[in-house]
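Labels A, B and C are assigned to the chains in the order they are written; within every chain, residues are numbered from 1.
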Amino acid sequence: MNLTLRIWRQTGPEDKGRMVTYQVDDVSPDMSFLEMLDVLNERLILSGEEPVAFDHDCREGICGMCGLMINGNAHGPQRGTTACQLHMRQFKDGDTIDIEPWRARAFPVIKDLVVDRNSFDQIIAAGGYITVPTGSAPEAHSVPVAKANADAAFESAACIGCGACVAACPNGSGMLFTAAKVTQLSLLPQGQPERYTRVIGMVDAHDEAGFGGCTNAGECTVVCPKGIPLSTIGRLNRDYLAASAKRGDTPGT
Amino acid sequence: MAVSGIVLVLFLIAHMLGNLKVFAGAASFDGYAHWLRDIGKPALPGVWFLWILRAGLVVAVVAHIWAATVLALRARAARPVQYAHRKKIQGSYAARTMRWGGVIILLFVIYHLLDLTTGHLNPVGDPTRPFANVVADFAPERWYVTLFYTVAVVALGFHLRHGMFSALRSLGQQTPGGERRARAVALGFAVVICAGFLVVPFAVLTGLVS
Amino acid sequence: MELFTEGDPIADTKAPDGPIETRWERRRFEAKLVNPANRRKMTVIVVGTGLAGGAAAATLGEQGYHVKSYCYQDSPRRAHSIAAQGGINAAKNYRNDGDSVHRLFYDTVKGGDFRSRESNVHRLAEVSVNIIDQCVAQGVPFAREYGGLLDTRSFGGAQVQRTFYARGQTGQQLLLGAYQALERQIGLGNVEMNARHEMLELILVDGRARGIVVRDMVTGEITTEMADAVVLASGGYGNVFYLSTNAKGCNVTATWRAHRKGAYFANPCYTQIHPTCIPVSGDHQSKLTLMSESLRNDGRVWVPKTKGDDRSPKDIPEAERDYYLERIYPSFGNLVPRDIASRAAKNVCDEGRGVGPTKLGVYLDFADAISRLGRKAVEAKYGNLFEMYERITGEDPYEVPMRIYPAVHYTMGGLWVDYDLQSTVPGLFVIGEANFSDHGANRLGASALMQGLADGYFVLPSTIANYLAAGPLEKVDGSHPAAVEARADVEDRIQRLLAIDGDRTVDSFHRELGQIMWEHCGMERTEAGLRKAIDEIRSLRDQFWQRVKVPGTGEGLNQSLEKAGRVADFFELAELMCIDALHREESCGGHFRGEHQTPDGEAQRDDDRFAYVAAWEFTATGQPSVLHKEDLKFEYVHPTQRSYK
């Protein structure tokens, strides 16, 4: 099939950037979306143009490195699928496809479609862990965990940190990402001692990084390739309220 | 947002119930309106209670608008460059129209106060005869007033649907089952409020109340 | 010219002796310690943030060292350990099914086809139990039973259930555990994280590893980073085959640069090829996707009996199908080990009986399972895998048999290290898949995660102290002549790559190199093929340095430039892999030489001649490498021949 691509090109953080139109012919429906971009890039290189920079690594939907806004959809039209797992059979001959980077103040563009998601790491560094220095752990079976809680914790832990939730959010909020980690750790007995300091630290880091506030619009969970549920945000809110109430009298909060 | 919203929701419920008195006849409705001014007597002189209530409402409205403005400004700051390809709404329509919906409701409330509280924009405009004011307002030849009220109340319904749901979540509803319940409660509440408010103008329009 | 020369044998001078159960404890006791007050003054560089590197950086940070961590991805959480699916082995014996540290040790040595060190493997088995404790305490959501205790499953032919798992995403969950511990140390200021940085050279001062040259991939700036010791945790080199299950960015540059600076490279030819991957769909293919091995429990593998049978699988009657694994291996059938299943698939495709558009594929058919168990039951077991298959191929495996083909998956070879995980360069430590590891010639399923975390959390943090305690080393900074020279070399190489301005892209060279390697140094190797491959690699490498086109400049983000540097190193590694494969005139584990097989086509080891680790020393570009042999002794597990008939 033959496609028209309109791709955001931006030479660096200081450049204003613009949409540029490219024609790509003979695209096979068996190609992945990123392989289609590879084909375009090979051609651009040979014709002396700069190839389109985009982030990708595992190309099997788990590392979370890829992330493209495809026709206004984070990761493209197929639900539960990262851009690297999206295949061209989802498109038709003659389609025009708009490709843009994630747009958020907390995710500044580095070049073309590549953005800096370091703010997510900062949210984790502010409390998204359980403090357990290596070697100090008790025997694994000393604390049983109800299967339902372990399964629910896993569901939240499946977050790949791609940033699609932020990209899709009308408020540019990173609350689904933050809530996924808060939920995972607050469901487990191991996470209880730091439960309230964690949620305060992470939400503060989230706000400081320049993400918008959550208004429960629900766009995030629709585009999430791992289907992180919106109920995680409810859990974060409850922990946050409880933690705020304790802020005065809990050491460390 | 959630707390001020809940105060306003409580007011809406009381307001709607009061409105429905219109079906009990002119005397009952006017009596209710006068009673409102007299609550608290003799502990509080004059219309003090009503003014305290009004002050509380103003505080809630201001807090609500202030919180909404802060969120809107943060959202704007959080995405300095917009997408070239704007996507269609995939989550909830009501959620995506909260801000403009809120502005419409605010404009409506101003009009509504000038119309039925101060009487400036009402054809009768007699503060002592609220029933007559209402009947005159929604007379069939003033169909455009009814239309405007309808649009505003439907906007309010959307606003309430997402607002209620969101408030429940902000206050800590957290399970998937709870999420479904919160959605159902919010939708049901929005429909009831809409119907309760719309039934009065339509009753006047169709001559059921005159 | 000779392909290589032979040098002095090499020995692991740190390996303790005595009863094998006490060796690790003795080594830890004898190792010198660093006073906590002095740790703050010592800097350790860790390259890579996967299970090994992330765990090591976090643990060293906790211990009080000043750690500088580097990864090429945009976040340490994206390292390719994240893609491991199956699980992690540990000798917990929670099932009371006869497992023990000794049994895990035994299985791993045997699974490695008797080409690994007993002492190392025993330590791995001992430490495995601590790993599970550590990860559970970190909040890793392992699968659990209804009683709240950890669930385990069997894996990779072991007779006990010792594999802990978190659905099909065990690697992801373990890595996020290590990543979170690392982020905590970053937040505390103990670890300085440098994401989107690529190590391009090792800096030696007075023969010791004292730093690295890195390129900031965002600004293009090249800097020298100095330290008291350098730890490489940069993963495997499966991408030398271009197509593999590795992430696109996985590369050999960090270890290859260290090899060129004096670190010996051990057993480069040991490559694991996984039998159940989705086949290549065309020339555009950029990577291969693994389908869980568990599919072979219910799927039947077959190809048409006649060559070039182009009928759709539904139209091929039962009598004209060849269920070749069931035919050749009646007792194990479709469940033969990875290497055997892979080679059998290659053989039938070589005979011209492969299926699918490229003819490089075999059917994995669930029709029997669906009629026997019902569609619902099959869906419950494999639903997510079937969905993933359909997403990639556009075919519905409930209706049409899946097509699978083997793909490069893991590399057992890597930099040579002693018992302390120190390479032949003092101060250079190598952990995880990057070292030549504890897996011998073949890695068992669910053992890669175990080794990465064992090295990172428990082994390296104990052994590196012994090296650092001998200090303090003289302080050096980027103005040291060795650092200045290393940096100039890197800049010069980048300028050379940019200046060629030829007519072929980096990817086109990489793809061609991969084809040569897959053809001649893949599932089956022969002397003639390997010799041919060496010639082809050399001439392609010359072409590369004359015709490659790298657009842009060295400043700012330049993904073509990054790839060009990596492919240039893959060319050199590829040649060494072929030489190693050629010199090892036996078949063992992941290394199968066509000339060395039993009459019924199984791998034939030659323990008399080849029971050694081949450690290669770099001399100069284009000059023969020097082979150093480290003899392997088996005191506890005695070599036997494997049979799966």
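One rule holds in what follows: a contact is a pair of C-beta atoms (placed from the backbone, for glycine too) under 8 Å apart; a residue touches a chain by one contact, two chains touch by 3 or more.
Please read all numbers here as calculations on a predicted model, not as lab measurements.
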| item | value |
| --- | --- |
| Leading chain pair when contacts are tallied as C-beta pairs | A-C |
| Chain closest to the assembly centre - both centres taken as Cα means | A |
| Most widely separated chain from subunit A, with each centre as the mean of CA atoms | B |
| Centre-of-Cα separation between subunit C and subunit A, whole angstrom | 27 |
| Geometric centre distance via CA averages, subunit C-subunit B, whole Å | 64 |
| Whole-Å separation of chain centres (CA-atom averages), subunit A against subunit B | 38 |
| Residue ranges of subunit A touching subunit C (in the complex, touch as defined) | 11-12, 28-32, 34-36, 38-39, 42, 44-46, 48-51, 53, 55-65, 78, 81, 85, 87, 89, 110-111, 114, 116-118, 120-121, 124-126, 128-141, 143-147, 150-151, 153-154, 157-158, 160-161, 184-185, 188, 190-191 |
| In the complex with subunit A, residue positions of subunit B that touch it | 70-71, 74-75, 77-92, 95-96, 98, 162, 165-166, 169-176, 178-179 |
| List of subunit C residues in touch with subunit A within their complex | 55, 58-59, 62, 73-78, 80, 82-83, 92, 94, 130, 132-134, 136-150, 166-167, 169, 172-173, 176, 179-181, 183-184, 186-187, 193, 195, 218, 245, 247-249, 281-282, 284-287, 289-290, 388, 391-394, 457-458, 461, 503, 505, 507-508, 549, 551-552, 556-557, 559-560 |
| Subunit A residues touching subunit B - in the complex, by the definition given at the top | 6, 8, 17, 19, 69, 71-73, 98, 100, 103-106, 168, 170-173, 210-213, 215-223, 229-231, 233-235, 237-238, 241 |
